[in-house]
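Dumping the structure here so I can ask a few things about it.
The letters A, B, C and D name the chains in turn, as written, and every chain counts its residues from 1.
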Amino acid sequence: MSADTWILTAQCPSRLGTVDVVTRFLKESGCYITEQQSFDDRLVDRFFIRTEFIPQDTDFDAEAFQASFAARAGEFEMVFELTSPGARIPVVIMVSKADHCLNDLLYRYRTGQLSIEIRAVVSNHPDLEGLATWHGLPYHHFPITPETKPEQEAQVARVIEETGAELVILARYMQVLSSDMCEKLSGRAINIHHSLLPGFKGAKPYHQAYEKGVKLVGATAHYINDDLDEGPIITQAVEAVSHADYPEDLVAKGRDIECLALAKAVALHVERRVFLHARRTVIFER
Amino acid sequence: MSADTWILTAQCPSRLGTVDVVTRFLKESGCYITEQQSFDDRLVDRFFIRTEFIPQDTDFDAEAFQASFAARAGEFEMVFELTSPGARIPVVIMVSKADHCLNDLLYRYRTGQLSIEIRAVVSNHPDLEGLATWHGLPYHHFPITPETKPEQEAQVARVIEETGAELVILARYMQVLSSDMCEKLSGRAINIHHSLLPGFKGAKPYHQAYEKGVKLVGATAHYINDDLDEGPIITQAVEAVSHADYPEDLVAKGRDIECLALAKAVALHVERRVFLHARRTVIFER
Amino acid sequence: MSADTWILTAQCPSRLGTVDVVTRFLKESGCYITEQQSFDDRLVDRFFIRTEFIPQDTDFDAEAFQASFAARAGEFEMVFELTSPGARIPVVIMVSKADHCLNDLLYRYRTGQLSIEIRAVVSNHPDLEGLATWHGLPYHHFPITPETKPEQEAQVARVIEETGAELVILARYMQVLSSDMCEKLSGRAINIHHSLLPGFKGAKPYHQAYEKGVKLVGATAHYINDDLDEGPIITQAVEAVSHADYPEDLVAKGRDIECLALAKAVALHVERRVFLHARRTVIFER
Amino acid sequence: MSADTWILTAQCPSRLGTVDVVTRFLKESGCYITEQQSFDDRLVDRFFIRTEFIPQDTDFDAEAFQASFAARAGEFEMVFELTSPGARIPVVIMVSKADHCLNDLLYRYRTGQLSIEIRAVVSNHPDLEGLATWHGLPYHHFPITPETKPEQEAQVARVIEETGAELVILARYMQVLSSDMCEKLSGRAINIHHSLLPGFKGAKPYHQAYEKGVKLVGATAHYINDDLDEGPIITQAVEAVSHADYPEDLVAKGRDIECLALAKAVALHVERRVFLHARRTVIFER
């Protein structure tokens, strides 16, 4: 993607002219389309489109563009979003004790591979403070007990709000969020679960996998919703295992695919390649 | 594997000397070991070993070998099997209407890729008779209804017995076998299920997968046992899918991995690479 | 893809309005776009687009559509193609002695998985006649020697011409085509090479791979051009191998990926997902 | 692997009794074998074996074990190595500017995933000092120019010698080592090359890959030898790419597989799963 590339994403009910309303406007606005993908889900009659474009006019006025397009989009009940070149989503990362996903995300962050701006790391344990600090990031340790859960979640919510985080990444945060919290973060919190959901939901999925004698273990990155481990799936990854892998070996083998699946899901999200509708995602990969 | 390679497989409770009892005997019998794998499952204290060897004496006497080895193996409560070069397992294949797995197996069979000897194809439908006949194989059409199920299974059992089949391959046979039949075929019947078990057990797994919006579909080849879709897993395979794949597309995309997973499981079984213990398999891949 | 879905594909030099000229016309023609992908290659300034659409008018007039669109496309130097629902490309398959790719293609053909119409099978050996015949296909045995190569190619060319084949599939045809023949078939002949091109070009790639001790073998489906094994790549597939795989084992292990890579390339081609420009392909996968 | 597991590895010319000489000795020494793999390469008549075992006697005397075994092994011209539980190989890592592989190795190192002890990081650039320092590791910056190459290599060699490094990891060290250095490090230096060797040898492999329009890019971890990019291969990994990936995208996409292939190769090496013979490796994976 060139440094001057904008992204326009939209979805709306299916109807004749859904593509045209987008592409004609871009043409009329002097915007050159470099990549475009659209999909119409015929089972739910819903249209999705993602367009990368480069304005030919160097004085491209994003606000005017949005205001003008809103009028046309309205006729199609179209929800849209315009993303400017180099936009970086403000992010809060939540962790517990396992550090592999955090380490991986921080590496990609500091080397500029992910267009995010990490505003804070939040944890129910103190363990990963050093890692966050080395990256110059604020680290909030909010311990949790069954009794203090509501308060702890309020603390977390406050950090999310005060930092202006638009995306929350649960990088092996081992606490079940309350329904209330799930709803608040609906569509903007990505969790990594260490199994191929919906298989092995709940606790200790690798131990469940060992019991069943599976030959593949997996990881699933998904948006959280109020149904635990049932949120819309973004990416899944697998790794071959054998009889010689004991549960602790599965845990170890799974780390790499957890990192990769989560990092890929975050990248897809920040590049506006993921569309959420009902309990499913539409994903326009490059 | 050279044309003169024998295979010795064995399992027994864990104990000092389990490898030595096998390898010392082979040495003393003038057998040259070309490949060997052993594994000791420390969670269940069970030992497994597979050895490929070439007798240096051209007059190798398999019966005498077995008789002599039985004495030593007995001390270790070792169950063993000796497989001669070029041995071909007698097989019965069971199908319904879908022909992709059958077609794949028959191709590998007629080109000598699988060391099996197909004695018959059995089906509850007449559809695949032409395919079997072209390959010169007897085709038994045994229709089934809820009422006639016991009789039908008796017919099937008779074919298995009369043909001397040591292995039964359920190549998309869409009927649930009775507990009785499952027990009778325990450890010698391989089924292909079109999901990553234990996910999406039961009927229409691809439709279940679509509902959940998964990004990977899978196939599982497993030994049948009396717990439906819960038999010991031999192989699993996956295929990436997207939002643009409707249920019928998942069905289509899954065919290739079903064929591959089943063919691989059969190959592993006939090459004596699969060891069954309790609800799990030990698999020594090349 | 629904049964009433048309496909419009096009490419042209990069210019403002390339998407709009397509989508506006479709809108004005009352065509509902169900899926669309476009890409603009900034290194060669070339634009590619593929659109699936359903005409809202049941009396959709394809000829009129093309005539009208041609005028607008002309302004953009746009080359386009309109494909009707259920269109089946006439195909000639070329083979030698190895039958795995042919067997695989014929299976997919007879079960309707590939929108092709096989008009003939051509070979320089008599071996695969039975397989073709069982599928009701004409089989032409044109032996070849260094001396008779020009004549043999003329015979092949005649079959291609007389059958009206628009696509030629070289399903392990082990002869090098002449430059003349390559040129004649440029962009409409797909070959399967049993390596990850450009690695291991030429003869006996699996033996070359064994010599190098690689841990992965591969297969490449590509359009032929006049530079042997250097034609534009459509698909590539890999398979893990180990030290225990001798050259003949690599040959055996490679068969499955050869079948899969070739079948996938053919499917991509017939679904008009492959765009050829210079020595590279643009592929819009589902 | 339990905490009290020893590893015995050996290789020798093929001969009757090669397995027995190992396993009988282990039995007589009261060593319980938990996992064993052997392979006999019939094309070069060479035997390889790897055994994990747990001494039943808590006073296991490794020196006495080796001395006794050496006598028997000598009769078979057998080269062997005994590795104690928890042994950690001293390592020097060499880098240039790219930090992804170093970052990945350091993460695995500090979390105990790799049984290595990093003694120093050496580079021809100053860039990665901070990363090494944060992990408490000495960082040696030895700049290099065509003129100073011999001296620079002498500096590197001195660090390797003084730290007692048994393994050198070239984690994207972008300098070609001299033949002399290659020879000195033969069999104990692992390099990561960013292509599927032997494809795209030399400089800028991703750019070469782009030119050829490949659909898969790869990475190869191999022992260095005096023939550049031709050393014995340990692991290879691949990643799918598309027409929309420009050369810089291939570079980015390749980073993950480079990290994974290198880390896996190092793990295989330190777990004594890799056997080197002539220009090929035998690898006993779990």
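Quick note on the criterion: a contact is a pair of C-beta atoms (placed from the backbone, for glycine too) under 8 Å apart; a residue touches a chain by one contact, two chains touch by 3 or more.
Here the structure is a predicted model, which means the values were calculated and not measured.
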| item | value |
| --- | --- |
| Greatest separation from subunit A - chain, by CA centre | B |
| Same or different residue numbers at the subunit C/subunit D copy interface, by half rule | same |
| Superposing rotation of subunit A relative to subunit C, computed on C-alpha atoms, to nearest 5° | 180 |
| Centre-of-Cα separation between subunit C and subunit B, whole angstrom | 36 |
| Intercentroid distance (Cα basis), subunit D paired with subunit C, Å | 41 |
| Residues within subunit A bordering two or more other chains | 35, 39, 42, 242, 244 |
| Arrangement of touching chains [line / ring / star / complete / other] | complete |
| Residues on subunit D engaged by subunit A in the complex (per definition of touch) | 35, 99-100, 103, 107, 111, 113, 134, 242, 244-245, 249, 252, 256, 260, 286 |
| Residues of subunit C touching subunit D in the complex | 39, 41-43, 196-200, 212-216, 218, 232-236, 238, 242-244, 246, 279-283, 285 |
| Complex interface listing, subunit C residues touching subunit A | 2, 14, 16-20, 23-24, 26-27, 30, 32-40, 42, 56 |
